[in-house]
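Two complexes, one shared chain (chain A), two partners (chain B, chain C).
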Partner chain A sequence: MDVGQPSATPLAVVAPRRARFRGLLPWLFLAPLLVPLALFVYWPLLHTFFLSFVRWNLQPGVPMEFVGLANYDGVLASTLFADAAWNSLIYVLAAIPLKVLLPLPVAVFIWSLGTAGGWYRTVLFLPTLISFVIVAVVVGWMLNPIAGHVAALLANVGGGFGNPLASPDGAIVTIILLSGWKVFGFNVLLYLAGLASIRRDLIEAMRLDGASDWTILRRLIWPLLTPTTFFVLIATVIFSLQQVFTPIDILTEGGPENGTTNFFYMVYQLAFRTFDIGRGAAGTVLLFGLLLVITLIKLRALDKRVHYQQ
Partner chain B sequence: MAPAPIAFGRPWRVTGHILCLALCLSVVAPLVLVLGTAFKPANEIYDLTPWPQRPTLANFARLLNETDFVLYLWNSLATTFLRVAGQLAIAVLAAYAFARWRFTGSTFVFALTLGAMMIPHQLVMIPIYIMIAELEWFDTWAALIIPNLAMPFAVFLLRQHMMSFPKELLDAAEMDGAGPLTALWRVMLPNLGPAVAALTIVLSIDCWNEYFWPLLVTDTPGARTVQIGIRQFLEENFEDFGALMAGVTVASVPVLAVFFVLQRRIMETFVASGLKG
Partner chain C sequence: MTRVTRAALLRRALPAAIGAGLLPAPAVRAQAPIEITYYHWQTGVAGRSLRGLLDAFQAENPGVVVRDIFKQSDQITAEIQSVVAARRPLDVAQVLGRNVLFIQANLPVVPLDEDRAAGEWLGRFAPNFLGLGDRGGRPYAMPHSFGTPVAYLNLDLLAQAGITTPPATWADTIAAALAVRERTGRAGIAHIQTGNRDYGVMTLVLANGGRYLSPDGRRALFNSPEGIEALQLWGDLVARHRVHPVANDQQLTAAFRAGQLAIHVNTSAGLQPAIAGAEGRFRLGIAQYPTFGAKPRRVPSSGAVMMLFSPEGPRRAATLRLFEFLSRRDIANRWSRETGYIPLSAEPLADPAMARYVEETPLVRPTIAQMPDTVSTDVWAPNGAVEAQTEVSNLVSALWAGRGTAADLVPATVARIDAILSRLNPA
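Entry: the complex of A and B
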């Protein structure tokens, strides 16, 4: 190295400085990620928590007023909350047969076709690419009593009821069905990914032992798919609460009579329709708690119960 | 896909095909109806035949000339491009740091990154809304882009790919005098081409299709994105279904076209992005 040169800085000093720079290096690479994460995710979470204890209507001139737990009382006692809770439950329960159970046999069948199943897979995947805005707008158009195709077809076969979006029950069923249409192919794809990871030699071994295809399905494939199924279930539960925000906002804005609102839409209504920031924040904190519980259940279950070693 | 691992009996195969065909029909039928209506002249809009007898471009002309749709397209295109470029740059750097170095706090910071994947926009909307009001950023591209620059899922996915890259090659490059940025740019990235391409498309589709965020931070026509524009069009010109379906077509065709170029990879990346939930 510097042998022979009169060095002002001995190596012993240079080396730690280099080491310090190397220690800093990862943080330089991470800073562009961490700054926006802090500013736009973690700080707003904390700030929401703080705002849930004040009364404020978003007016810059109006001071915030500390009200303790009053916002939580207000939210929990409101009919909006009761309706949102009930509807959230309906959205999730309806999602299970439509989005979790039915895609499974469809995926197994497509998988059993081998290469030829690619077409089904691709076509069923298309709704994932189309925005929820467009799905909602098209459904709104088709159900429209003036020009709607569905409305006209129903009138032709004698089912002369009006726009289903006008009644609470009809509206929530519409949103459930269109969100099922949107996510079905994606869940099929998730199951196919799970099926693709099953080792072929296990199937061959069972077949050599004389097992029928149905036995293989029941005793080998179904158990090995449990983690995937569980994953699809959790993803769908969150999806069914969060993603329906868009069709709700476009088709019904939570109505009629709170018939389609859910937790995610409720916090938006509180904060940006009634401009009650305190209650909006309180609702958000409650929603955060719910999502946290779902996530913890997922992490626990993924750790312990539903995993098999192939 | 690999060859068939299991063979169902004939009745089950027939049932399966019928079910799958019915499902595919339910996907394709609305698309045909939308596309057909977009090309229908005004006097055929209410016909039950899904395709036009005398196809016309009048709906597209009305959409582009009489509304601000071109402006919406420009806003969507520009913000998608800028936002995805930023998301990729940030994610590549961060993923490299996580994949390449073990350092004090790396586990904790990685956990924070993963944790952010589970926090949807609705949980942070109120403080960000206040922030944007104070910055006077409403109806600007900055409001659409900057709060969404950190994309934890992209970091996660790129890190997975980078971890399977042989460290020796990076060590060798640095031994030859390359700095860490050069090693990342010249050695690592050229080998991640397909993964980065698929990720780019998934992020772009995600941004192009987004509804909630632009709903929150834009209000005036000049700042609207395509998705907000379509929703607005439904409210304002309720009876012009031909132009509405033309708008729906213009907003969806780019996404579907891009998808068919890189189909396989994109579906894999979508599956990976689903793993974030």
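Entry: the complex of A and C
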């Protein structure tokens, strides 16, 4: 046996193996995140797309029937669709001033207080921690037209049996305000996180140059806060339709006269009240498409105005 | 201390495990109990009562274990659907009356006459409660947790308004409600709504002698003089007489229990909570559902039936034994006494325990007296129920807001409902 001649075979085998293992290593580390994401997010998403083209109620042994766009037609022709679309728009538009713009000055105020702002932070964040089911039930009690606190106040000023949930306008305003109150503190906290990343020495430098509070806010704080504002805007708009689901279901069931329903609630009703899986899936795909389009428009329109560097 | 390595442990344990597998286990396996899975929406007092009945069944059938699973009433049909889709065990489920057609059309429900003795044990129920489960002449559901609409009375508020006799007709009821509003300033009356106001409308229409839906649930039939008159009455209570507050069922029930509402037309199944709520606050009374003049009383039942899903074999046989057990007069009566649901047996008072209970509990007598006047609830066709019920709800809102008379609004609503149902349920 020639021991002087080094054998090339073992090295040639080992090297590609190691290289292959090194190539797989990042995927192994990512697997705990990617596998659940694929199983519980992307697979249901793809399956929902598939279900939107068939008539099938998920039952094993029952053949599914390909129906093309009939489920989409069923959603668009639904008597709930027009009101759900209109109300969805109202919920989204109302969310911007209430949940995106208003928390900003409040956050700046709390931030300016320094450590003394902790109490305000706690008070404002508290509603976020309370279950929305409990909030909706308690508000239902308060607004009880006969035995609620609001009725008692109205009775003192000469009103009787008034119920804001009884009229379409009153009901949607109530749900918008309730949802705004619930999310307000969370968005304030997001803005505070954004504010915490702004260097104080930049502010001091502006002050030394004689800049007023308003100038500092407009020229420094606002531009540096645009990434946070952008995130809050996108997240709020996407979630604005599902945030109101709980109060709708508990307080109004979409009424009165479809006054509070939205796309999200309509999809729930189709899928889980009438168990029409095909139309429910088609409604979900339409909702997904709508939110995707809104988000892409916002990205194109606003991303250039966002300042990511201090 | 002797240290045992993992390999050594495996070497010792493996033969033992294989040996255990070869032991004569069939004797043990033969005694393994048959497990029945039962989905229901009973909670609190009713949940404990149901478990008590199931324990009694198990005591009588030592080889059977009933596993009961609670789900909210609104979610139970979706849950059953997902249980079947996921091939999880399901033997029996409590199903809301309004979902019976969907389940019978879409899920693997087994007709009860698979049991040759079903005719005998279903015959123990009053015939007017069996219609809900009857499809094509075969029984698909057994009545179980039924209520009937009755008038809960705050006797103190009524006395303050000078009313000492429980109102028997709608004319009496309106007069009493007006007197309450004028003399006490409190709300006079509220009518049950339930299911997007669908049940409330159905109750009023049937009570006035009208028809609500066709037997297949594909056509609305309340565009009739009786239907229009009944719905105009509900609109008038709110918009004309101003004695009926605009609120949902939860708000109205809370207001009645707080002593702020004189008459609450609600399901008899709420009797026990109503007694508890009134205690120390006001004297509670119960009256039968008001009639429209001299017309005979006819009201729909509310509540749930039991449906069978067991696969063929010992589980199905055991589940059918459970159905038979729950159909017995003494068991159905015990369920009624403990929960407030109506006793469903043909002659409930033939049971001495029930007769004694009714004698001792006067508040339950109007419900018992109303049993023969209670008919099966009408059920919507499998597809489009949400849209149809929303149309019904919108009609009631428009009547309450005084945006038209029932004669103006009902025909258009019924036309829209029929269009929705025919489009989504092609023949």
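As a working rule, the second predicted complex is superposed on the first by the 242 of 310 C-alpha atoms of A that agree within 3 Å, B and C clash if a C-alpha of one lies under 4 Å from a C-alpha of the other, contacts with A are read in each partner's own complex, and residues count from 1 in each chain.
Here is the rule we go by: a contact is a pair of C-beta atoms (placed from the backbone, for glycine too) under 8 Å apart; a residue touches a chain by one contact, two chains touch by 3 or more.
For clarity, every value in this text was computed on a predicted model and none was experimentally measured.
Superposition of the two complexes onto chain A shows a clash between chain B and chain C. Touch criterion met: A:Ala166 reaches chain C, while chain B stays clear of it. Contacts of A:Gly289 after superposition: neither chain B nor chain C is touched. By the touch criterion stated above, A:Leu124 is placed in contact with chain B alone, chain C being left untouched. Residue contacts after overlaying the shared chain place A:Gly74 against chain C, while chain B stays out of touching range. Contacts of A:Pro223 after superposition on the shared chain: neither chain B nor chain C is touched. Of the two partner chains placed by superposition, A:Pro97 touches none, neither chain B nor chain C. When both complexes are overlaid on chain A, the residue A:Gly140 reaches chain B and chain C alike. Note on chain A: of its two partners chain C and chain B, the one contacting more of its residues is B. Contacts of A:Gln59 after superposition on the shared chain: chain C is touched, whereas chain B is not.
It is stretch 127-135 of chain B, out of 55-63, 91-99, 127-135 or 163-171, that runs into chain C when the two complexes are superposed. Overlaid on A, the two complexes show chain B and chain C touching the same residues of chain A, namely 58, 60, 140-141, 146-147, 271-272. Chain B makes touch with chain A in their complex at residues 1-8, 16, 19-20, 23-24, 26-28, 30-31, 33-34, 45-46, 48, 50, 89-91, 93-94, 96-98, 100-101, 103, 106, 109, 112-113, 116, 118-120, 122-131, 133, 146-150, 152, 155, 180, 205, 208-212, 215-216, 227-228, 230-231, 234, 239, 241, 244-245, 248, 251-252, 255-256, 259, 263, 267-268, 270-271, 274-275, 277. Those residues of chain A whose C-beta lies close enough to touch chain C in the complex are 57-61, 74, 77-80, 140-141, 143-148, 160-161, 163, 165-167, 251-258, 269-276.
Taken in their complex, chain A has these residues touching chain B: 23, 25-27, 29-30, 32-34, 36-37, 39-45, 47-48, 51, 58, 60, 105-106, 109-115, 117-118, 120-134, 137-138, 140-142, 146-147, 149, 152-153, 181, 184-186, 189-190, 193, 196, 198, 200, 203, 213, 216-217, 221, 231, 234-235, 238-239, 242, 245-246, 249-250, 264, 267-268, 271-272, 277, 280-281, 284, 287-288, 291, 295.
The part of chain C that touches chain A in the complex is made up of residues 74-75, 77-78, 81-82, 84-85, 87, 102, 106-108, 185-187, 196, 242, 245-248, 250-252, 254-255, 258, 260-261, 382-387, 390-391, 393-394, 397-398, 400-401, 416, 420, 423-424.
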